[in-house]
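Both complexes shown next keep chain A, but they swap its partner, so chain B is in the first and chain C is in the second.
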Partner chain A sequence: MTTLLDPTPSLVEPGERPDRRAAALRATGRWAAAIGGALVIFSALLLLRGANPLEALGDMWVSTFLRGRSLAEILNVMAPITLAALAVLVPARAGLTNVGGEGQLMLGAIAAGGTALALDQQLPGPLVLVLALVAGGVAGAAWAGVAAILRLRFQVDEAVSTLLLNFIALDLLLFLIYQPWRESAAGQPTTRELADAAKMPVITGTVINVGIIVALAATVVVILVLGRTRWGFRLSVVGGNAEAARRAGMNVAGLVISALIVGGLLAGLAGAIQFTGIEYKLRAGFGLQIGYLGFLASWLARHRPLPVLLASFVLAALAIAGDSLQLDAQLPAASVNILTALILAAVLGWTTVKARRA
Partner chain B sequence: MSLIIDVLTGGVRGGTSILYAALGETVSQRSGVINLGTEGGMLGGALTAYIIAAETGNPWLGVLGGGIVGAALALVHALLVLWRGANQFASGLMVLFLALGLTSLFGASYVGRTITPFTTWAIPVLSDIPVLGPVLFDQDPLVYLSYLAVPAAWFVLFRTRAGLLLRTAGERSDALTVHGADVRVVRTWAVGAGGFLAGVGGAHLSIAYTNTWFENMVAGRGFIAVALVILAAWGPVKVMAGAYLFGAALALGPALQARGIPVNQFLLHVIPFVLTLVVLAALGRRSSNAAPAELQRVFENGAPAT
Partner chain C sequence: MSIEAPVAPTTLPMLQVDGFSKRFGEVQANSDVRFDVHAGEVHALVGENGAGKSTLLKMVYGVYEPDEGRMLIDGEPVALGSPAAARSRGVGMVFQDLRLVPAFTVTENIALAANPGPVLRLKDLAAEIAEASARHGLAVHPNARVRHLSIGERQRVEILKVLMTGARLIILDEPTSVLAPQEVDALFAVVRQLTEAGFGIVIVTHKLGEVRAIADRVTVLRAGRTVLHGVDPDDYDDEQLIEAMVGRAVPALPAERGPVPPSDVPALELTGVSSRGDRGHEALTDISLRVQPGELVGIAGVAGSGQRELCEVALGLRPTTSGEVRIGGASVDSARDAIGAGAASVPEDPVADSVVRRLTVLEHMGLDGRRIPARGLGVDWAAVRARMTDADARLGLRIAPAKRRLSELSGGNIQRVILTRELALDSSLVVAAYPSRGLDVANARRTQEVLLERRAAGSGVLMVSEDLDELMALADRIVVMHDGHVSGEVLAADFDRQAIGRLMVGGTS
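Take a look at the complex of A and B:
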């Protein structure tokens, strides 16, 4: 049998035991090579498309990081991505694969939107906002709860059920905005816009909305809960070896349910923030791919909460960079997904040395 | 009566792109690799086929090109998962984003371009059979090709040496190693072949079914294909039935609206997803027992054992 591909040689020789600083240097080098390689391939593709890569990348850099409002925009976009990443990270601690952030986020947005739009004419704005966030979290948790029940009662794998539930959530959103919640039969299929008083406030003196503070607070809570509580400890035992956890008398079913539900709650919160802080109305394409971006952010960070912040920041910056590509270089904004994917590929495949091949 | 024929015809027409992709995913999953990048493979196939059909006027070349691009994208997944030990779900989604970006970059100038698409071609005599005739035998050539692809996939998987190697890679990779074959090579071929079929599925979507190109036009069909394979318990014939079911659910809304029956199409669109979950729940253990053993390991820890 012929070999189709030779295994790529690993960057560190097996058996070699580099000291810590050299290892850190190597890791940095690999990350730099990953990002550099991604930029080179992306430039080649832009060239192939007839665009000037140096100009496009230069404009992208300037308008993503050096323009006045751009850092604020990145932080605003980063908030839901961070929460969606934590929604993957917590279940992953218990060895669960939550591919359903997208749907849980959608349900969170539907509940937040339904609550806020029903009440924003009667109640004071801040109260409406809090109720919307709570409703979003609860709805996301309930949606993940469906997957938890399917796993425990019916042995349906959560990776499959959460993926399917994404499409059910999307259909529910489209159903609502095409008929019952539609603002006007003549216009675009969207709900009406949230009243200004109930929108997520901005941090005084900036255009950064409070969503990022919610996301940072959630990250701190996740770090503390996973690292310092019995529940967090038990999750990692279940994730490490469910059978051992069962023998030690742990309630594995309860832990699996709670991990998924907490994940769903975080994703639902992401949806509520996307609605009250960024989009203000439900529409087709609402929050598109944030759930999947969160999944990738969690994997980029190898399911560790602090690195999740960095990964979410990078993915958010790339999303903003896409807008610049559209405005400055007249290339489609979604082209930037190439760069996102190449960096991910490099990180997934080339930044850790694995002892494979038994 | 005409409603039933319309829905069934639409089910076959609209289900064919899902059918090709799900057939490819069956091949891939039978070898022990799940590829969420199928959605991306379909996108790549759809745009490539559209560009080639627009530039050369030959839709068959488009199908070939679409298949090749689908295979190339799947091989990126294979490279990461099999040769670099990446998580299968994460790598699959990465391939989706790669395809979204590439098709957005290279597809923008083809939005609104006209092409020479496949046209329906009624098979003499057979197309005159009541009900079945118009549903099955008044379709485009890629639909007819899929009638051959399904039994061919079944035959290759279950009646040839290559199929045996492939299924062994999915069930007991250690046995394959003992036999002297390289599990990763077998799986790489399987994933690549699966990607080719996903690309052909995308080609059907853009140059036989909708005859148009727009960004992200696959709209979840690739994910449907992945779920469908599990619902169909990794069998090509059941995959075919499932694909037509999804296709019919997509066709029902427009068919009712065309008859002046006001119905929210998303209520109908959601049926196959709910049905899939209900069936999976009803099968319970039996469904996961039908899974290739190595695939179950993927669900447990995200990476295949090699």
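Take a look at the complex of A and C:
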């Protein structure tokens, strides 16, 4: 250990020697083993249902990744999931748990839909699209702001308030499509469809819509803002030790509010993209579960932006695979949720074990 | 010092450690360490943090296995695989952090440790405890609830627990760090009684005064090696013992320091301040206190007498229920007020209060409460780094490299980061709680010098310490707290351990 004459303090604690490459290899191995284990259990369930697991999984693989348009579909589905994941990630940096992606996304879609449907007959399509995206982001931010105020004023845990606000958002959507915004001609309660001119354009020569570009850009912005700005630095102090932030004279309340609001903005943007790029009309079941998938993606990625892209891609692919399972193996589409859940449980279980050891 | 049982080297030692070596990764924690204890003696084990004391004791107590070397108990080689094995061979350990269940009675706590089998005979056990505590002068009531006991009493319960499990060799790991001076005296009386009865005692400490007061022999470890082995402390003076611990001579603090300059505006002024603790109880009652610019005021008191709350109130971190706090004349209601008025602070528990584990040393340097240096929207890390280099050069506490995460640092290294950041500031007030905690002798001395430098530069310094010697060496004035009140105040000219000790337990000087 150190003596006074030793120029550098001794820092190595017994048994500690970080080796990044070995750690990355181990992490990859854990992921592979977790996914493999989940597939084995899922195969057993398929067998019980009388399906041939190899065939079913093979069909899933082929139709998800090898069919012509399926990669484009995955990317389209991935865009809102990525944004919803970032909506969890930014507040998590400040130590907050935003479970409200679903509701913030819903509000974003309502605002985007309301704006776009009100204007798409009068204004040029691209302008309507931009206004819809802005409205979606603002509405999502405002919805998260409600939770922020509840936390600061009444000490309501944001994990609870954001979750409960999801149900209010859903009821608000249902009210709007059953009553004021209902297209009278349709049998199902929905709004009318957005005019083609205001729909999100596709990348030339593909069916991939611009949503994925927005999502990727948002990821880059989040990386830069969290990693390079004073605001991002302060968030990581608040998230790491709020008492340290307070003693350093930081405005902890302001930072908490701003992190939640930025999260809401990203979720609202996800809702706006889901509306203008994928569904084009508000209906019951709009954007269902995207908020929760984003929550899972962020946790799977341990709240780091680049892995969030991978996790969002995997979850989007599983969602697409579920459709193929229904079509090819005559199993309910919900079956794939079992696979999703198994993978999540396995990955989270294993990464948590690792985190505890570290 | 007192020798009740004369050391007789011809008799077989109870415990003999022969060349223990232990390596953790790249750190050689012990190399060829020798140590022995005879029945009826107190053997002090001293050394800096990281000198290998706890590694040695953990091997003696069966927690670690040595890589090399052997250990003899009563002349017979033993290999202890576990603490249970150590206990069965008569080796007992009283840990620094007392391990009792507060809601249980003394008897119940001892029953937990004594492992009496499936049927609890608490009454029999209580009788045995009463008998043992009377025999060893421990004055512990078997039916008292531990949460009603003082720290000193709890420590006696721990000693009793070790005795009841059949220990003949008792290791006390820094037993005095949590005690008031009177309690230290009481503990030493118990230790003397035990050695008279033929027990062997190992006492770990870093206070030379305690070595002289209680130890028959002393062993000094440095960098995992035995520097002095079982010598009579009377054959060495303080400078020699410190040099043995540190590896070089440590300069004494300057004895002469200027008078406190007269000033109209105190650096810190508390007027009739009361405040609640974390559990909602009244933790501070009607505290009035002044620290002048260029004055160092020490706060003495038994742990938990309101020191933490006092520091937090002074820094605007804890709301007052009545009274007023002013720093340099400016009223303080929040942390930002205090920082704005020029306060710097060293918290009582830096890991809990000031450390973000996954951030680096450099990033922590940006958290001094001043405006974070800006470059566009980002942080000007080059400016922070320049600040850090300058602070480190001026203070000389040799902080860890800028890129290290705080989660990788030991307690002492963390303390040096926080000290360097806060004491390098051009502050009008320094509130330092236990500033030398976790530091080795040389860094602790340097920290004391820096506090005196802050005082000489015109800062008011409010310093909390559990080490009365440290306070008496540094302070112009010592304010004693007891149970949330100021129980007295002593000027430097009148410093007297016993008088301060009486105030600490609520008496009058």
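Basically, the second predicted complex is superposed on the first by the 323 of 358 C-alpha atoms of A that agree within 3 Å, B and C clash if a C-alpha of one lies under 4 Å from a C-alpha of the other, contacts with A are read in each partner's own complex, and residues count from 1 in each chain.
Methods note: a residue touches a chain if its C-beta (ideal position, glycine included) is under 8 Å from a C-beta of that chain, and two chains touch if they have at least 3 such contacts.
Owing to the predicted nature of the structure, the values given are computational and were not obtained by experimental measurement.
Once chain A of one complex is fitted onto chain A of the other, the partner contacts of A:236 are limited to chain C, with no touch recorded for chain B. Contact with chain B, but none with chain C, is seen for A:178 once the two complexes are overlaid on the shared chain. When chain A is checked against chain B and against chain C, the one touching more of its residues turns out to be B. By the touch criterion stated above, A:228 is placed in contact with chain C alone, chain B being left untouched. Of the two partner chains, chain B is the only one that A:160 touches; chain C does not reach it. In the superposition on chain A, A:31 contacts neither chain B nor chain C.
Within the superposed three-chain model, A:313 lies out of touch with both chain B and chain C [touch as defined at top]. In the superposition on chain A, contact of A:246 is made with chain C only, not with chain B.
1-5, 7-8 are the residues of chain A that lie in the contact sets of both chain B and chain C, per the superposition on chain A. Those residues of chain A whose C-beta lies close enough to touch chain C in the complex are 1-5, 7-17, 228-231, 233-234, 236-237, 240-241, 243-249, 251.
Partner chain A is touched in their complex by these residues of chain C: 24-27, 29, 50-52, 222-224, 246-248, 315, 317, 335-336, 339-340, 345, 347, 352-359, 363, 366-369, 372, 374, 377-379, 398-401, 404, 408-410, 413, 416, 442. Across the interface of their complex, chain B is touched by residues 1-5, 7-8, 45-46, 49, 95, 97, 99, 150, 153-157, 159-161, 163-168, 170-172, 174-175, 178-179, 292, 295-296, 299, 331-342, 344-345, 348-350, 354, 356-358 of chain A. Considering their complex, residues 36, 76, 79-80, 83-87, 89-91, 93-98, 100-102, 104-108, 181-182, 185, 188-189, 215-216, 220, 223-224, 226-227, 230, 264, 266-267, 269-270, 273-274, 276-277, 280-282, 284-285, 287-288, 299-302, 306 of chain B touch chain A.
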